[in-house]
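Shared between the two complexes below is chain A, which has chain B as its partner in the first and chain C in the second.
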Partner chain A sequence: MKREIPILLTVICGLLITISFFAPSSNPGAVPPVEPPVWQAVNAELLEWAKILFAVAFLLGIANLFRINLKQIAAGHEDRVYKAVLLVTMSGFLVVGLADTHARDLPRPLLAALVPARTLVLSDGGTLDGYVIARSQTDVTLRTGPGLEPTVIPLERIASETAPSLKLWIYDKLFIPLQATMFSLLAFYVASAAFRAFRARSLEATLLLAAGCVVMLGQVPIGNEATGGLAGRALAFLMTYVSTAGIRAIIIGATLGGLATGLRIVLGIERSYLSE
Partner chain B sequence: MKNLAAIDRRWIFLAMGTLVVVLYALKIPGTLPVNEYVQSYYDTIEALPEGSIVMLAADFDPASAAEIEPMYVATIHHLLRRNLRVINVSTWPAAPPYTQKYFDEIAPQYGKVYGVDWVELGYTPGDDVAMGLIGQSLKSTFSTDDRNHAPLAQLPLLAEVSDSFRGIALLVSSSAGYPGILEWIAQVGGRYQVPILTGTTAVQTTALYAYYPNQLKGFLGAITGATQYLQLVGRDTPALHALLAENQARMLVQSWSHLLIIGLIVLGNVVYFLGKRGARA
Partner chain C sequence: MDLSAGATWIGAATLWLNERALALSPWIAVNKLPTLVAIAGFGAIMFASQRRARRGEAIEIRRINGLDALDEAIGRATEMGRPVLYVPGTDEIKEIQTIYSMMILRHVARKAAEFGTPLIVPVKNSVVLAFAEEAVKQGCADAGRPDTFIPDNVRYLSDEQFAYCAGIAGIMNRERPAANIMMGMFFAESLILAETGFGTGAIQLAGTARYEQLPFFVAACDYTIMGEEYFAVTAYLTREPGLVGTIRASDVTKVAAMVLFVLGVWLATAAVNEAAGTAAGRAPGAAGELFALYQRLFG
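The block that comes next holds the complex of A and B.
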């Protein structure tokens, strides 16, 4: 039964999703086509389950990351400091992010500690610091004052609003520069690889090299100007005819392969996902 | 020649670094002829009737912002200047802060009101499954918006959108990889017959030619595509002149970086063949 039930579930879900793609439209003339409600409902429900599973996988990933890294820190791994930084940073950002998203539900001490207050500049020149917990078309409900009691402020009394966010501060000041730095290193490694690895060792490698150089020249103003536009025309020819023909062949081949694999899974023939 | 073959790679790093820093500081603009893919991207947006609803998918993160950000900003300007209404979604968790930041900056310039002219629905997990779900039913995919965490029923713009992508005239994906434009084409484009545009990183661009002009109505390939698009949008959008000049200056940096890489390839091969000949002799 441990084998049969997963296979049965896979077959049922696979068939239902497939049928929903090919189910006849209840209104054939409609653009975009209107799907029959029953298939739409089944398809939406299954996709919703998949989305929930995806979110649960995030939690499992975090738990697993903690388990593995804590074990290695405890064992005195040579990178234990970096592993500790990873766990502390991840936990910190998780707490800040959750607090930011659920600010209106947080108890008072946590709210004051984790979420920077918004500042409402009033039309009479005064300011009011607090946390917005509701908005309507006529007013804003703000938790303000020492007791963070809810106060309703009519919209016409508000001139402007500033909303500092610890989450966005971490994002802007740490996350963006770190990710941009990592990505920009690519330019240096590509330059080094160009000198060391791109060798015209065979006819195929020579063609690849020549095509690469033409594409690089054709992409930039200097390359175009230096060749009187020839590099740009050569680039267009290579990309439109040569490269596209190859890519279309690969896409069609890979799609047919995917279709065959999908069919094998749906029919219960392919069972590698069960570790068989 | 032996010394050259064994050159410390840090000299190459230094050459590339110096080139980039010096040329970037010079800020000399370089213009490009606009290719048909970029022109078609621009024309597709221009052809939409005023008030049409466009879904703008931010499928990128800070690592690829250098390539994607200029085209993303220019697209927001273009959409709002044309009085098109925008629904923002993202399948990348790190993208929504960009959306919020740029709409905060750009929307007031065109007098746009949140909830009426644009909404931010934020990130949804599930990659291509989430895209399928968005296509099937936007309102069951997101329960609240991302900006105010308000129920979707409070956002007037969404009253005009219903299941199966009805009410949405165009999908634009700023895509840096998986999940991105190829998944939108598979999950939404063909199924709901919605026209799609995209701006992507350079490594993704090659794959896009195969989808033009049927599944994709137009695309912007990396900084080159973004610069060409900015040349078109920037003509009627004074707010983009600074970004256009910045991007045109980047083209000079990119030009010489490409030339340096080509030079290194040639030099590397010369060293390789001379070394081979020497060994034979």
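The block that comes next holds the complex of A and C.
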């Protein structure tokens, strides 16, 4: 049963999604009138279930990360400091993120320690720092002052509001620069890979080198200018006919392969992705 | 070319199609009907090919060097006493390439278990983690050596693309795998991974159906499995008749697609010539109508 139930679920879900893809969507003006889009609702519901599964599976990932790294830290691995930094950073960000999302429910000491206060600029020019715990049509309830006591501020007294977020600050100031750094490495890797790929060791490599040179010349204004527009025309020819033909051949082949694999999985013929 | 003889039946065929489309519209999105017919046709060819293959008809598959090198790469890692690294791409399990990568992983895990070589599988998605663990475990069991499964070698690194990429680069540099196998859906990280692996001197095999990343793999890897070859991996490695039949079905469909392309180009050219002739005062033929019918059927 460990194998049969997942296969049955795969077949049922696969067929439902396929039917919903081909079912007519709602069209009030259709003649004869079209039934309400039941299959689209089924599809949407299944996708919601998938989101829940993904969220639950995320815990698996965190558990895996903790298990492997804690084990290596305990064993005195030479990189244990980095592993500790990873776990501390991950846990810290998790705490900050949760605190940011659930600020209203946090006890006061934790609130003050983990969540940056909002600043309300009042219409009389003064400012007020605190944490918004409730809003209504007429006023805002704010925890403010040394004791973080709830204070009701009428909306007409508030000119503007700023909401700093530690979570977003970490993301913007640390994570995005780190990500950009990794992405920037691509420039160097492209150069080193191109250097190797463009060595004219065979007829194919020579053709690649020639095509590469034409494309590079055609892409930059100076190259196009220096060749009297020839490089631009050659670039257009290579990209429109040669490159596009190759790309389409790859796409058609890959699509048919993907379709065959998809059909085998949806119909329950392909089972090798499950354990026996 | 004069196509006017067919004008009557073209009109009748178009009318018949319109009537059928209207009748079917409460049950099916009519604009998706050609897709459904194409999928049904492909499915029929696939099942017929599988049946013929199972009856013992020999279906030849051309040599794919990258797949022949798979065993060689794992063997090399065994000789060097170093692990094999398998990267299943950076997309989620809903992507067909990732699902297929899990099937290839099972085969790689079986070979690695047969040779007694550690297999490291870093994953980017926690659902893929569960699939990868199962695939490696099953591969070890297929080899008759379930004891070679090391749970800690299937590692979730990060859901973020470049954090995942940095994690793999770290594994390549610290644990020095002798063979890097990258199979699945890749994006901008493909060249970073392939170049880092090249720098460590590992033998590298990459496979993807994503054409944008193929040039990077071709430039930086020893062997590249591209496009349709990627979906032929399990058939090529196992020679299981049902799977080999699928490859034949793809080939038959490609031939049919080529015939349709040529027909479409011919009809489009004839339609353009006819339009030019009509503008010059000649009597209109049926090419335009026939091309409209073609577009209706296959467009």
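In this text, the second predicted complex is superposed on the first by the 227 of 276 C-alpha atoms of A that agree within 3 Å, B and C clash if a C-alpha of one lies under 4 Å from a C-alpha of the other, contacts with A are read in each partner's own complex, and residues count from 1 in each chain.
Convention: a residue touches a chain if its C-beta (ideal position, glycine included) is under 8 Å from a C-beta of that chain, and two chains touch if they have at least 3 such contacts.
Bear in mind that the values here come from a model prediction, so they are computed numbers and not experimental data.
**Student:** Between chain B and chain C, whom does A:Leu60 touch in the aligned arrangement: first, second, both, or neither?
**Tutor:** second
**Student:** If we overlay the two complexes on their shared chain A, which of chain B and chain C does A:Ile269 touch? Say first, second, both or neither.
**Tutor:** In the superposed model, A:Ile269 contacts chain C only, not chain B.
**Student:** Could you look at A:Asp79 and tell me whether it touches chain B, chain C, both or neither (first, second, both, neither)?
**Tutor:** In the superposition, A:Asp79 contacts chain C only.
**Student:** Regarding the shared-chain residue A:Ile68, is it in contact with chain B (first), chain C (second), both, or neither?
**Tutor:** Touch partner of A:Ile68: chain C, not chain B.
**Student:** Please work out whether A:Thr244 is in contact with chain B alone, chain C alone, both, or neither, and reply first, second, both or neither.
**Tutor:** In the superposition, A:Thr244 touches chain B alone.
**Student:** Thinking of the overlay built on chain A, is A:Phe22 touched by chain B (first), by chain C (second), by both, or by neither?
**Tutor:** A:Phe22 contacts chain C only, not chain B.
**Student:** Report for A:Leu209: first if it touches chain B alone, second if chain C alone, otherwise both or neither.
**Tutor:** The first partner, chain B, only.
**Student:** Taking the superposition as given, does A:Ala260 touch the first partner, chain B, the second, chain C, both, or neither?
**Tutor:** second
**Student:** Which residues form the common part of the chain A surface touched by chain B and by chain C?
**Tutor:** 21, 32-35, 50, 54, 58, 175, 179, 182-183, 190, 192, 194, 196-197, 247, 251
**Student:** Touching chain A in the complex: which residues of chain B?
**Tutor:** Result: residues 7, 9, 12-13, 15-17, 20, 30-33, 35, 61-66, 94, 97, 100-101, 124-127, 129-130, 132-133, 136-137, 140-141, 148-150, 163-166, 191-194, 206-207, 209-210, 224, 251-252, 254-262, 264-265, 267-269, 272 of chain B touch chain A.
**Student:** What does chain C use to touch chain A in their complex?
**Tutor:** 25-30, 32, 35-36, 39, 42-43, 46, 92, 94, 96-97, 99-100, 102-103, 106, 125-127, 129-131, 134-135, 137-138, 141, 152, 154-157, 159-163, 165-166, 174, 188, 191-192, 194-195, 209, 211, 214, 216, 218-220, 226-228, 230-232, 234, 242, 246, 249-250, 253-254, 257
**Student:** Show me the residue ranges of chain A that touch chain B in the complex, using the header's touch definition.
**Tutor:** By the definition above, chain A touches chain B via 21, 31-35, 40, 43-44, 47-48, 50-51, 54-55, 58, 101, 104, 132, 135, 167-168, 171-172, 175-176, 179-180, 182-184, 187-188, 190-192, 194-200, 209, 212-213, 216-217, 219-224, 232, 236, 239-240, 243-244, 247-248, 251.
**Student:** Can you name the residues of chain A that touch chain C in the complex?
**Tutor:** Spelled out, the residues of chain A in touch with chain C are 21-25, 30, 32-35, 50, 53-54, 57-62, 64-65, 67-68, 71, 79, 175, 178-179, 182-183, 185-186, 189-190, 192-194, 196-197, 247, 249-254, 256-265, 269-270, 272-276.
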